[in-house]
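Given below, in the form of structure tokens, are the structures.
Next, two complexes with chain A in common: one pairs it with chain B, the other with chain C.
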Partner chain A sequence: MKKEPFKEKDDRLRRTRLYIPGNHPAMIQNAEIYGADSLIFDLEDSIPLTEKDTARILVRNAIQALNFGRSEVTVRINGINTPFLEKDLEAIVPTKPDGLLLPKAETEEDILFLHERITELEKKHGLPVGKIRIMPIIETALGVVNVEKIVAAPRIAAVGIGGEDLTADIGAIRTPDGRELEYISSKIIVACAAYHIQAIDTVFADINDQEGLFQATKRAISRGFQGKSVIHPSQIEVVHRAFMPSEEEIEKAKRIVKAYRESLKKGLGAVSVDGRMIDLPIVMRAERILKRAKAGKK
Partner chain B sequence: MKFTANKIGRKIPEELFEKKLIPFQGKGKGPYKVRKYAPKIRMRRPGEQKILGSIREAIKAGELTDGGTISFHHHFRNGDFLLNMVCHEIAAMGLKDIRLVPSSIQGVHKEILPYLEKGIITEINCGTSSVIADAISHGKMERLLTIRSHGGRARSIENGDVEIDIAFIAAPTVDPYGNINGVRGKNACGSLGYAFPDAHFANYVVAVTNDLVPFPNNPISISQDHVDAVVKTDKPIGDPKGIVSTTLRITRDPKNLKIAHDCVEVIKASGLLKEGFSYQSGAGGTALATTNFLRDYMKSKNIKGSFGMGGATEALVRMLEDGLFEAILDVQTFDTYAVQSLLNNPRHIEIGASQYANPQTSGCAVNLLDTIILGGTEVDLNFNVNTSTESDGRIQWGMGGHQDTAEGAKLTIIAIPLLRGRIPIVVDNVVSVNTPGENVDVVVTERGIAVNPESAFYDTLLKAKHLNIKTIEELKRIAEDLAGGPPNQPKTTDRIVAIIEYRDGSVLDVIYQVAD
Partner chain C sequence: MVKFVRTAQAGSLESCDILVTITKGKEQSGVKINLESSAKKQFGDRIIAEIMEVVKKFGVTDIVISAVDKGALTYCIQARTEAAIKRAFGVDEK
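Up next is the complex of A and B:
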């Protein structure tokens, strides 16, 4: 599926995606108060097999009954080859979440299958077709190999990385600075960038190490990640702080956007800021910086 | 029974148990007496000793009779055995109709329940929690529970509203001539501040200890000129584990951490957080988290405050040690770290309950507070705060220094979750009022911050766009939407079991017996 180059199909801010176990009513009820850009109600790994039904029903009812404010509402469903997927979709799609996270996404076919099933359910329930986004999580070597096709599939808005599973699958050892995932991350970031999809970094497991999280997020941002998955509300403020651009970056971004808009008005082809030519990707990056700055000041 | 509505619309009987009640008329407008109460003059001649062999001897020496009044401090908290020991002795001696005036009753004091039921203890003046509070709610005590704040209690003792026949002071250390401190000994509890008014105004003062030390005890918190008898007993008067915590737990609940974080944001936005800042918070998990957030911020901005007041905790002491405060004023010490600080750091100062919060003195410390962070069980649309009763009407807690600090501080913040379990905490009318809304500036919940339109900080805080400001009515609606409606009204009988005094002695509210 060919995408228009340089056109963000979904530019929603996803600095933080907070995982919430789907079988925990108190956490679900308070999910929106911490200011995460996205919420992920989990039906997969954090839910014991004996509580899959409980979590599914709870999450379905919560999305129907509660207001999650400005946060994007997504659900991590169970994987393609599990006996839970169909029930998950039947329960969750009618609640019109903003997105569904597909764990262990490995092939384009996985996404197409999910896309078709969501489409059927949207039609069945009289919902607009195509509004629910798919957000695959790459957790296997096969998923990495196929990521360029995965990001090109329909409905994709963001791609996450499952660091722990990936490390195990390729036979590597987890390190504090995550160097074993460098190649994989780069491959996924480049694939996402090619299709203007957001790459979201893996979780930082030590919830007591806020400085470590801050530095890891800074590294992730510098490499091109657009967000980070978080597993505890206390991580949100740290990640948002890491995403907050410096005053210098903000000022420069303002100059770029202003110069670009003026050039459009005047019908100019090329424009320079601070003596350097700017083109559309630079403008888009500047707009992203301003968006992060605006969100960071709230 | 004739009733009059007080300033906050609560119906107060004109008289109860032969005592005329004065309805609350607003802060600074309450009754006050022209002169302080004076206790009996006692004389001790050269060569006379103060050591007595038992608590029973002390009760006899203090000439306690039926209808008498005895007092205790609660610095031993849930590790206090002395109140139980004295009550058992009084019961064994056949005394009855005793008025109990402790600064607080804790869970450990459930042993005295039979004495309420048998008419041996017929009246209690203090904050009460746990089993005894529940029993009073169910009408098991003959007369009234009078709930007072720490400042109100000091006032009632000093102005003679309460005349104490014998004050029993659990003494971590005392010398044979009656000099007491709380910072040494196996039962070290830190400050003895709540016992100061009792020691100064009771007609007879008994120190009871497991650690008799040679004269002169040093430092001296309560001095020999106020102490009539010293009882050394080998039977433990306290359990060190229940007296102080080794470490108080800072909340890890993300919801409470958010509330704590937002409290600091409110203080920052108020403009008060600058050179000379003064602050008090409690020892609850959320309060401790607020103190730690505040410490980080003050350090990062190099702000040096004036004083921190406690409830002294390790969190507050670390601010003193970091140079963020000039001093700590300590009326009550919560953990071992703070006890050591009180012992060793001259800038950690022990103060008495009157100096802390008595409104009818030449000036109490709460008057100098910039900010206080407080909790509560409920808050209502008029910003009235309940700390004593649960939503089902049962008495569960006292109020500590709630209404004292709320009136004294420039900025009073109520930090409270919007829901407890499935029960909305912001309601139309609280079950009972401990702190009137006129003393409350801000209510901070996890889902929004309500500023009292009457607050001097209203305009300033509403300009702070990063704060999630909502009206108190909006908070109530959000709570009710989540819970499916307002809480049920408690079912009560028409018998009044407790009154809640304002710190000046007027009556804020009454509490009715719950219907079984």
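Up next is the complex of A and C:
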């Protein structure tokens, strides 16, 4: 496949993305020990309008000064139509985060605007151009309608769903099993899969219901989500456990990957495992299972 | 040179944070820092030096800084000082 600029494949494991309020030093500086695959320092909904300036400076300094270990470092900036976006970008882009989450992403133009602005700031600060990924969050009906174009835009690595806002926007009622989001989730998952981008499931709001979270994550995985956003450190282990493949899945994935590698060596076009033909998407899924198994054992 | 606009505060009294308040000082009084911290004996000089580093960066003077420290690390001390200065001098707000 031809490598397009700003569209490098990104296979990073993102089983959990932990939201951390950007104005909370105790949580920020302990973020590494929670073990989430990704950290989201939030400048948007968790920050009151009167504290946008202080959170922005605190998150900027934290990313510059602290070590977050193996966790991916991302920041949820304020939305395109807010007076805070430009200052968020000016403060955060120079710190070279792994990604920026764009809330309420609705159109391809939103992403292109952000992409151009990030590119300008990367050049201005002498940073490598294109390393900072964009991670839109779909939270409105318009965003759902346009998701195929959004995922095809530059820099996109993962797309999240804002379940609460979406449910309100379409006039539905939130249910414990999230059935009102089934169509929307499927549409986003398919769009992401078409461009090898990760779809990340919405948060599970009840932090005391660990069994409910486990089951919701299992459902999300079976539908094709590759990660789940979490709002409390106690949710991380539960989600990682849900993402841990069974021994049977691991063994099968090993057989598939081994058979595929051998077929490549021998120059064979097709290969079968357990009597079933396998092709590239099946191999890629097997590799993903092995990656999750390896991470789950750490 | 930026001009003092209003008394301003940034930070909180929560653990790992620091509450920085900036008020207008007398003319030619320079920068006065009043620090309150349970770790003042051990880290007081360092905290004051970290605050002063930010004050010098912005070139502001004739102010009184009251800092109530709750165990903040350098990145936080300097972020709260910067935010309070920007608010007090009306720089780059919100």
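Keep in mind that, in the parts below, the second predicted complex is superposed on the first by the 290 of 298 C-alpha atoms of A that agree within 3 Å, B and C clash if a C-alpha of one lies under 4 Å from a C-alpha of the other, contacts with A are read in each partner's own complex, and residues count from 1 in each chain.
Keep this in mind: contacts are C-beta pairs under 8 Å (C-beta built on N, C-alpha and C of every residue); 3 or more make two chains touch, one makes a residue touch a chain.
What you see is a predicted model; the values in this text were computed from it and never measured.
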{"item": "Touching partner for A:Asp169 - first (chain B), second (chain C), both, neither", "value": "neither"}
{"item": "Chain B versus chain C as contact partner of A:Phe84, first or second or both or neither", "value": "second"}
{"item": "Touched partner set for A:Glu148, first chain B, second chain C, both or neither", "value": "neither"}
{"item": "Chain B versus chain C as contact partner of A:Gln29, first or second or both or neither", "value": "both"}
{"item": "Residues of chain A touched, compared between chain B and chain C (which is higher)", "value": "C"}
{"item": "Touching partner for A:Ser234 - first (chain B), second (chain C), both, neither", "value": "first"}
{"item": "First (chain B), second (chain C), both or neither touched by A:Lys297", "value": "first"}
{"item": "Contacts of A:Glu180 with chain B and chain C, given as first, second, both or neither", "value": "neither"}
{"item": "Contacts of A:Asn61 with chain B and chain C, given as first, second, both or neither", "value": "second"}
{"item": "Common interface positions of chain A, toward chain B and toward chain C", "value": "29, 66"}
{"item": "Sites on chain A touched by chain B in the complex", "value": "29-30, 33-34, 66, 232-234, 237, 297-298"}
{"item": "Chain C-touching residues of chain A, taken from the complex the two chains share", "value": "24-26, 29, 49, 52-54, 57-58, 60-62, 64-66, 83-84, 87"}
{"item": "Partner chain A, residues of chain B touching it in the complex", "value": "254-255, 257-258, 261, 446-447, 466, 482"}
{"item": "Touch list for chain C against partner chain A, complex", "value": "10-11, 14-17, 72-76, 78-80, 82-83, 86-87, 92-94"}
